[in-house]
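See structure below.
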Amino acid sequence: MIEVGVLGATGYTGAELIRLLGRHDQVRLKFATSRSSPDQSLAKVFPGAPDINLIDPVQAPIEDVDLVFLCLPNGQSAEVAAEALQEGTRVIDLSADFRLADPELYQKWYGQRHPAPELLDEAVYGLTETERERLPDARLVANPGCYPTSVLLALYPLLLESVVGGRVIVDAKSGVSGAGRTPKLATQFVEVAEDLRPYSIGRAHRHLPEMETMLARWGDSDLRLIFSPHLVPIPRGLLSTLYVPLRSGWVESQVHHLYLETYAEEPFITILPLGEVATLRQVNYSNRCVIGMTEVDGMLVITAAIDNLRKGAAGQAIQNMNVVFGLEETTGLL
Amino acid sequence: MIEVGVLGATGYTGAELIRLLGRHDQVRLKFATSRSSPDQSLAKVFPGAPDINLIDPVQAPIEDVDLVFLCLPNGQSAEVAAEALQEGTRVIDLSADFRLADPELYQKWYGQRHPAPELLDEAVYGLTETERERLPDARLVANPGCYPTSVLLALYPLLLESVVGGRVIVDAKSGVSGAGRTPKLATQFVEVAEDLRPYSIGRAHRHLPEMETMLARWGDSDLRLIFSPHLVPIPRGLLSTLYVPLRSGWVESQVHHLYLETYAEEPFITILPLGEVATLRQVNYSNRCVIGMTEVDGMLVITAAIDNLRKGAAGQAIQNMNVVFGLEETTGLL
Amino acid sequence: MIEVGVLGATGYTGAELIRLLGRHDQVRLKFATSRSSPDQSLAKVFPGAPDINLIDPVQAPIEDVDLVFLCLPNGQSAEVAAEALQEGTRVIDLSADFRLADPELYQKWYGQRHPAPELLDEAVYGLTETERERLPDARLVANPGCYPTSVLLALYPLLLESVVGGRVIVDAKSGVSGAGRTPKLATQFVEVAEDLRPYSIGRAHRHLPEMETMLARWGDSDLRLIFSPHLVPIPRGLLSTLYVPLRSGWVESQVHHLYLETYAEEPFITILPLGEVATLRQVNYSNRCVIGMTEVDGMLVITAAIDNLRKGAAGQAIQNMNVVFGLEETTGLL
Amino acid sequence: MIEVGVLGATGYTGAELIRLLGRHDQVRLKFATSRSSPDQSLAKVFPGAPDINLIDPVQAPIEDVDLVFLCLPNGQSAEVAAEALQEGTRVIDLSADFRLADPELYQKWYGQRHPAPELLDEAVYGLTETERERLPDARLVANPGCYPTSVLLALYPLLLESVVGGRVIVDAKSGVSGAGRTPKLATQFVEVAEDLRPYSIGRAHRHLPEMETMLARWGDSDLRLIFSPHLVPIPRGLLSTLYVPLRSGWVESQVHHLYLETYAEEPFITILPLGEVATLRQVNYSNRCVIGMTEVDGMLVITAAIDNLRKGAAGQAIQNMNVVFGLEETTGLL
């Protein structure tokens, strides 16, 4: 039985994680923290969540567990991660603190010096399907962002064979839980309910350097994305539509075959028949990533759907935990 | 041309009012204020609103207009109303400050001493259909709350003829704009979108004394309501379902006839054929109140629908203005 | 390992059931049928559903399984149930065919002669919490309707002690999946999305005789309900607000205590602290029924929330199966 | 007073048109037809619509009015248009029948021979802002599709100056009313409410040839679009995100200036400050098209928002009528 703790249990990601841990038969949740609501039941703070007592983070017995999940704000996470590792406790960090290998890039995009740059080298980027070999026994896993999860899984096979023939455009659409649980005018019900809103388009969103870091690691350091996120009036779900010019010589059937082969053994990735499209209903409340594609005039149009709170956050965190500890990868996720 | 000002233009009610004033051909909007966003365009603060320059409320030339609409928080409104009346400017107040005739009742429900109790006697409760005779030349109009508008219009004919034979239950359902525009966790998109939430049920909501004050004025001071508001995941609209025991001797065809007669000349009230129900789609973006009814075992079940931002707030405010100034009552509202 | 089949897999109830069966580790799904889409994958017909091959119902090997779940239209279900029982296969019927004990009542409300009246006596009404003792080894279970599930669980403790002092009003609100999956104008997205719509109010809905049948069985054959269902623009979830006059002598603390005691051992029923309200977010995607209550002027106002596709249909069906076969009652439902 | 008739009043477009005509003080609606609901009130068929008596289309006195609006299915419209013109009645056709100049293209995309090819030359494509000069006294106006309206207005200034330097990608998102009112599984509430669904992506949507026809007319017959429509769970609204490679030499400030100049006098077009984005809340229930833009690495990212039932259909139809008859262009549309 693996013993775990969750730091930051009252956000959307933390609460989802606790719900999933409740279904995992090889894990015991020892504690869950909340700075804003210590000594209350999670069910009180979060309607529908399990009835688990929240403790103040300063009282969290980090040293008594095998692993902590960090669902903390960027910047805070890295400090807690450093403490935990000192105590010999493994860390899966759901913040952005260890996703960028380069501390200067971090400082540029997150507006502060990295709190624990000495750990960056060690951190494994937890896109399970592509980084699986580095995960067993990893001490520190940087769980990917929601947009990068969908985009990178959609591009990975193309990078393997250098199929990308030009600039890639990503037009992405996300449900509102991706924006977090802190009250803001921009995410009030009435503001969102009849709206559809692009934001941080072009090269302005923090997930851009995260994606390009991985693309470079996979061999294409020249690939620059144009990335347009949109806020959609649904609670959860994320759909990325990608426009990828194919290198000449590639036709869609070959490309499709490449995807089928690359992901042939993956339990959580579904490659649709050529010409079909991914939609949110295919992935709601699941840990799957569904990918569809079609080609037109040498342009591959890819659609990739995930549930942003599952495969895009809490689900993938559990998937990573399973691999780190040598469990069946799908445990607790079906 | 009537000249008006709007104080508090960046809430849902204020912005709706300004949108409607733009369609009214006998009114000129001279100014609109915002404490939080002075010197900005309303269109900037409120996507889709008219491009009107907002001024700081302290600079509002209240004395230069014929009428001010107050879309201010409870408590603040009464003070500004007193100033405006001093300057000879009429007031239509969309807050709750002048809805309760009794200052002690106000203090009990709103948690503060009434800021201008000397004006309470003069204030006309602006439920246009029932108080129309007191409106011409009124200096101070207390625009009704959204729930009371639907409930009182649904009960008024019954009070006229003492048809109510027992305790009345009101089960009401409101869209989220009724909760105001200030960011709160309870009205964040994700919290609301998959929820349906009763609140302040029984005798706990501030609109209860407002309704019972009018019922008493109409002759039934013993009538106590049980009132259960519910928050529904839609931006706007309000539906009240009422359960009224009929005094013995009354049958539904008589009751229905009473409604048809009472409201025969009303441009904004639609009485449905017996047995049909009111729904929100019948009233969205209109100033109408639609009322349906059916009787079962001596219990009259009434459904009453309004758009909470129109007939329940800004629309009725304009309707009242039209009557105060002797204009055609429907001007700007069709 | 219990072997089961599902007849009618492509409606909302059938697909939900199959999803839940996939998580149940003591059940094997042997077949699933679809008249409209034989020889296709369920995942094809129903985005997000498991990839299970659908067969034509006439080819269903009913005799080879221990139990069939019937998610068929009213009227069709009873015929298939009779066949299955003949083959020695147990039946959990999610249609309305065996919910009313009286075939004449059935004919009146469902507009046709009951297809298998000889089975009515044997059928156990599957409101698990109240009928649990009759379920072990039952051959035929009539799974309750969604509205009755929430209403009956909310009233049961009161019936046990004869606490009800007068006519009960039920104002119920349901998500749209309760209306089934067959395309209709009334349930098209645009028709529903900005609407809130009462329907079949008073004593006109088919779930009324179902509820009153049980109330009579529990000892109060004079109790007549007034029942007002409303359609709410959410995919799933059901909230009933009940107004129950208390027999004199009862105060709310006693009543609350009665609920706590009655349901003390129930894994799927949550009684909220006095004065709190049930909301949909507390039960989404769970098999729980959450019940809140408050009293005002001798009237008990109860709120009861369920997920209409789980506790109101597929979840309760599995709960019933667990009891019928002597499994842990919560298996596959946490 | 211009007298008009509406053929096909019970779809979303027809009902919206009738609502708008009710606010237009220089038009009188003489008749409205419905094949499915003759002799009923429109308000009965369409909650919230005006109380207008519907007649059978065969009884429509087309010859007695100055203009008919055709809100009929593709194919049917052209036949009625031919009849009306014969009678000397002008036609604004909201179907697709006269949008493609080439009858063979029509046959290819709409699967039938064009019913009145002799009228194609005469038809004026009613994108008011760009075709205004051809509209006065036009006998037959082909009202544009919703997607083409947003896309063509977003591209027009670029075509004027040959700024487009390569293939254009259009990633478009539409509310569900764009799919029409006929009940279909794909547009049932539950199917849509938690989904986000690409469809007809690449070069498969019927609005593609409509757009390319106009691009060619404006001088760029080589410009081929990649077009990806998405269905979004909102009732109305349409947002197009366009990716346009700029011809070398152009920088974003120049391009922005070009838009400001081109549309300087347009009452219904808003060009946002450089770097801002168009969103649906800016255009809901208005006849405006709001356009935002930003450039990154030589790629212009344009966002263009309209209300699909207003500027994308009924609103633009009235705008065209105003120009045809020499009225103030904004009459009835503010």
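Here the chain labels run A, B, C and D in written order, and each chain numbers its own residues starting at 1.
In the analysis below, a contact is a pair of C-beta atoms (placed from the backbone, for glycine too) under 8 Å apart; a residue touches a chain by one contact, two chains touch by 3 or more.
Predicted model only: the values in this text are computed from it and were never measured.
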State the chain with the largest centre-to-centre distance from chain D, centres being mean CA positions. C
Report same or different for the chain C and chain D interface, where same means the shared residue numbers exceed half of all residue numbers found there. same
Once you find the CA centre of chain A and the CA centre of chain D, what distance in Å lies between them? 39
Please tell me the distance, in whole Å, between the geometric centres of chain C and chain D computed from their C-alpha atoms. 46
So, what's the distance in Å between the C-alpha centres of chain D and chain B? 37
Multi-partner residues of chain A (each touching 2 or more other chains): 47, 191, 193-195, 233-235, 279, 281, 284
Listed in rising order, chain A residues that touch chain D in their complex are 167, 169, 171, 173, 191, 193-199, 201-203, 224, 226, 228, 230, 232-235, 237, 239, 241, 243, 277-281, 284, 294-297, 299, 301, 303, 305
Quick check: in the complex, which residue numbers of chain C touch chain D? 12, 47, 176-177, 181, 183-185, 187-195, 233-236
Mind listing the chain C positions that touch chain A in their complex? 22-23, 47-48, 279, 281-286, 334
